[in-house]
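Two complexes, one shared chain (chain A), two partners (chain B, chain C).
Right after this comes the complex of A and B.
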């Protein structure tokens, strides 16, 4: 198959970017989307031109490195699929394919399709953990957890931190990402002790990092390659309200 | 030339109490004293993140470096099946002793008793630690932790989180690390490649890095350096490793005097999605856990072109069940891989290339139901379907072995210190625990054992005997010299201006390594590899082309710096495989096999760790660490 690629080229965050057009012919529809980009890059290198920079690593849909907009959608057209798991058979011969980086103020462009998502790490650092030191843990089976809750916690914890939710949101909100971590930990007894403090800190940092407000459109969850559910946002809101309320009561007692 | 007298430094005495006794004899520092020291950790996967977090908790100031943008992107995240621990929750007779023995036997008696026993002992603490962090392991309806079986063992001791155990464990370690970052005890340097280790008066005191965003060459000093940089499967070009996994940090340490042990011990995983075309960039693993419910077979007839569903039961050869009635589909990886190669070489392989076998779930689906299979392996089945466009609930998977893990790595003593003082190596980057073959679900176990529970003690002991630097010493000549060398090397690479993309050279190298130092090796092939690899090296240095600037994001330059080291490593692998005139575990020398085509081990002459010293212009020099077995009897490995 043949494809016409329009790719966003930008040297760094401090310079302006432009769309450039590239044509690839005789592409095997069974190769992955990133393998198609590999072919383009080898071609560019051999022409002494700068290859397209994009983040990728495991190519198994789990490390969360890859991700950019394909025809306006994070990770492209296929449901529940990261770019690295997308194959060229999802496109038609002679398709025009538009590639742009995730666009969000909190994700500055590093180069071309690669963006800086350190803001996500800062949200986790602010409270996305259980405060336990190595060697202090009790015997594992002394904590019994209903299977239902363990399974739910797993589903929230399956987030790969790719940033598609932010890119899909008209407000560039990081609510789905943040709520997945809050949910994962608040569903488990180990995480509940610090729950109220955690949600308050994580939401505060989320705002500080410049992510927008959540208006519950559900675009994030619809575009999430790991299908992280919107219920996580509901759980975060519940935790947040209870956290604010308990803060209010505590202040009253003082 | 330096002479090495390799001695594990494991204390004498009773195996079962050795580690506990040793641990209490090690020197300790209070958090206030520890605060005077700075530790550099390279790599923030399972081993690196767990070590960084724990050392920071103990008071050390940790500077952690990764070429990734975030610790959560490390390749540990892709581990699927699970993590072993001798908890004996199933009351099926498991014990520390049994896990120890299974691991020693699985490694075909080429690992150290003391290290392996310690690993088995610590396995239990790891599960406790991870559960306390909130790792959502699979549970039974009663609320307790669930287990499953893995290859090479007959008990159920593998803890798991669907097919994403590595992800959940790494997110646990990452959360512990993030907590220390918040407390400012860990400074994380994202998108930094380590390009050299700096020695001051014979001790590792710092590193040279390249910032992958602006290309800046930087130097950093510290009291010790810990390498947690993973394995080198990508020397084969196609492997199940992530694209950027590399040997560079380890190789640079090797060039500075850290011996490299058993480099040719590389694991070929039996269940991967077969290669489909020449553009393939990497291979995808299908977890070994699938062999709990999947049955491996090929047609009895050669060149059978029928659809698998059209081949009747009696015309199928479930060869693993046939040859190994006791372990069946759950034989260790090296055995399963080699047998797959054998049936394909006989012409009974399936699929368009003939280099694949079936992994069939029909019987399990009939007996346990599709929902049960979906619950257990859903994400793996989805991944398979996505890649191959075939539905494994309806038609058997096609699988073939692929390179997956490297048992070899930097030689370390019982303290996990390399032959360079103050330079430690943990996780897959060292050679220590898996001998000639690693059992499934043991990599996560080792990474976390080293990071959470071993190196924090041994590094503290080392540091307690060192005077803390208390200052930046990067203005010393050793640092300036290393920095200059790195800059010159980069300039040299940029100036080649030939015609080949580095990936093209890498692919060529990978083909040689796979053909000659892969699943089966022989003297003639290894000698060919030794004459072919220098030609690749020449091609690399004379004909690669790196566009752009070194002072910018330059992914081609990043690759070139890694491939340069892979080429040198490939040569060492050939020397190592040539030296070992026996078959053991994953190292299968065709000249040395039994009548039943099993590995013919030679304990008389090869019961040693082969540790190699780097030499620039001559052949590498071999130093041997003789392995002692006081607690297990050396036996021929049998899974029949």
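Right after this comes the complex of A and C.
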């Protein structure tokens, strides 16, 4: 199959970018999207031109490294699929395919399709953890957890932090990401102890990093390659309300 | 102070918007209850308005809170709108497929509703309270030039209330999510009630200019 690619080329965040057109012919429809870009880059290197920069690591859909906009949608047209798991058979022969990076003020462009998502790391390190003593792994069944909660926590923990939610959001809000991390931990007894502090800290850093606010449009969940649900945002809001109110009462009693 | 943080963070501002928005939606239900006396007849409507006026300072306190709710709702909304604008970088091919238009246009419909409210206060509210000029309340609404005696006013009311309904279509559902009602056992009850506020109550309001502004003159 043949495809016409329009790719965003930008040297760094401080310079202006431009869309450039590339044509690839005789592509096997069963190769992955990233393999198609590999072929393009091999071609570009052979022609002594600058290859297209894009992020990738595991190529198994579980690491969260890959991701860019394909025809205006994060990770492309296929539901619940990361770019690395997307195949060329999802497109038609002679299709025009437009590639742009995940854009947000909090995701500065490193080069071309690769963006800096350290703002996510800073949200995580502000509270997305459980403080425990290290040492031998504890006996798995010493704390019993209802299956319902374990399942829900597992669904939230499926978030790979790729940033598609921010790219899909009209406000570039990081609420889906942050709420997945908050509810993953607050659904489990090990995480509940620090729950109230965690949500306050993570929301504060999320605001500081310059992400927009949540308008509850649901676009993030619709585009999420791991199908993280809107319920996580409702849970974050519940946590946040109770965290703020309990903090208020504590201050009064002191 | 955690309570200050609650009110100034992005999540907190949304919570403030959700609470004030819901309270205003409840007020709308009460407002419509009074308006429907117009259909009962002139005497009934005038008697109802007189009853409200007899409450005196209680009404003024209620009005103070209504203005406070509208003000803080609009203020938070504007600040969030600015924050959201700053956070976004334009993607030339950005797909709006998964963002409902009611959500996308909430700031716009809200602004129109705000202009509508300003007009509403400077005409009906002002006339009812300070400038009756011997007219009955019923006459002000149904026949006068600030009321539905003017086709332009009637059309403006119909359009503005329809936009308010559209604003609430997103707003009421969004408030359920922001207040964390979604995901609790009350979720279904809440979702079933949203249509009352975004569809039936606005429809009730629209029926008044449609009837007194147009239909009653044609029939």
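Observations
Just so we're on the same page, the second predicted complex is superposed on the first by the 250 of 254 C-alpha atoms of A that agree within 3 Å, B and C clash if a C-alpha of one lies under 4 Å from a C-alpha of the other, contacts with A are read in each partner's own complex, and residues count from 1 in each chain.
Keep in mind that, in the parts below, contacts are C-beta pairs under 8 Å (C-beta built on N, C-alpha and C of every residue); 3 or more make two chains touch, one makes a residue touch a chain.
Quick caveat, the model's predicted, so the values are computed rather than measured.
Contacts of A:146 after superposition on the shared chain: chain B is touched, whereas chain C is not. In the superposed pair of complexes, A:83 makes contact with neither chain B nor chain C.
Of the two partner chains placed around the shared chain by superposition, neither chain B nor chain C is touched by A:97. After overlaying the two complexes on the shared chain, residue contacts for A:176 are found with neither chain B nor chain C. Within the superposed three-chain model, A:111 lies in touch with chain B and out of touch with chain C [touch as defined at top]. Of the two partner chains placed by superposition, only chain C is touched by A:207; chain B is not.
Once the two structures are overlaid, the count of chain A residues touched is higher for B than for its counterpart among chain B and chain C.
Contacts of A:228 after superposition: neither chain B nor chain C is touched.
With both structures placed on the common chain, the touch criterion links A:219 to chain C but leaves chain B unconnected. No residue of chain A lies at the contact with chain B in one complex and also at the contact with chain C in the other.
Taken together, the chain B residues at the contact with chain A in this complex read 50, 53-54, 57, 68-75, 77-78, 87, 89, 125, 127-134, 136-145, 161-162, 164, 167-168, 171, 174-176, 178-179, 181-182, 188, 190, 213, 242-244, 276-277, 279-282, 284-285, 382-383, 386-387, 389, 452-453, 456, 499-501, 503-504, 545-548, 552-553, 555-556. Of all residues in chain C, those touching chain A in their complex are 1-3, 5-6, 9-15, 80, 83-84, 86-100, 103-104, 106, 170, 173-174, 177-184.
Residues of chain A touching chain B in their complex: 11-12, 28, 30-32, 34-35, 38-39, 41-42, 44-46, 48-51, 53, 55-65, 80-81, 85, 87, 89, 110-111, 114, 116-118, 120-121, 124-141, 143-147, 150-151, 153-154, 157-158, 160-161, 184-185, 188, 190-191. Those residues of chain A whose C-beta lies close enough to touch chain C in the complex are 19, 69, 71-73, 98, 100, 103-106, 167-168, 170-173, 175, 200, 203-204, 206-207, 210-219, 222-223, 230-231, 233-238, 240-241, 243-245, 247-248, 251.
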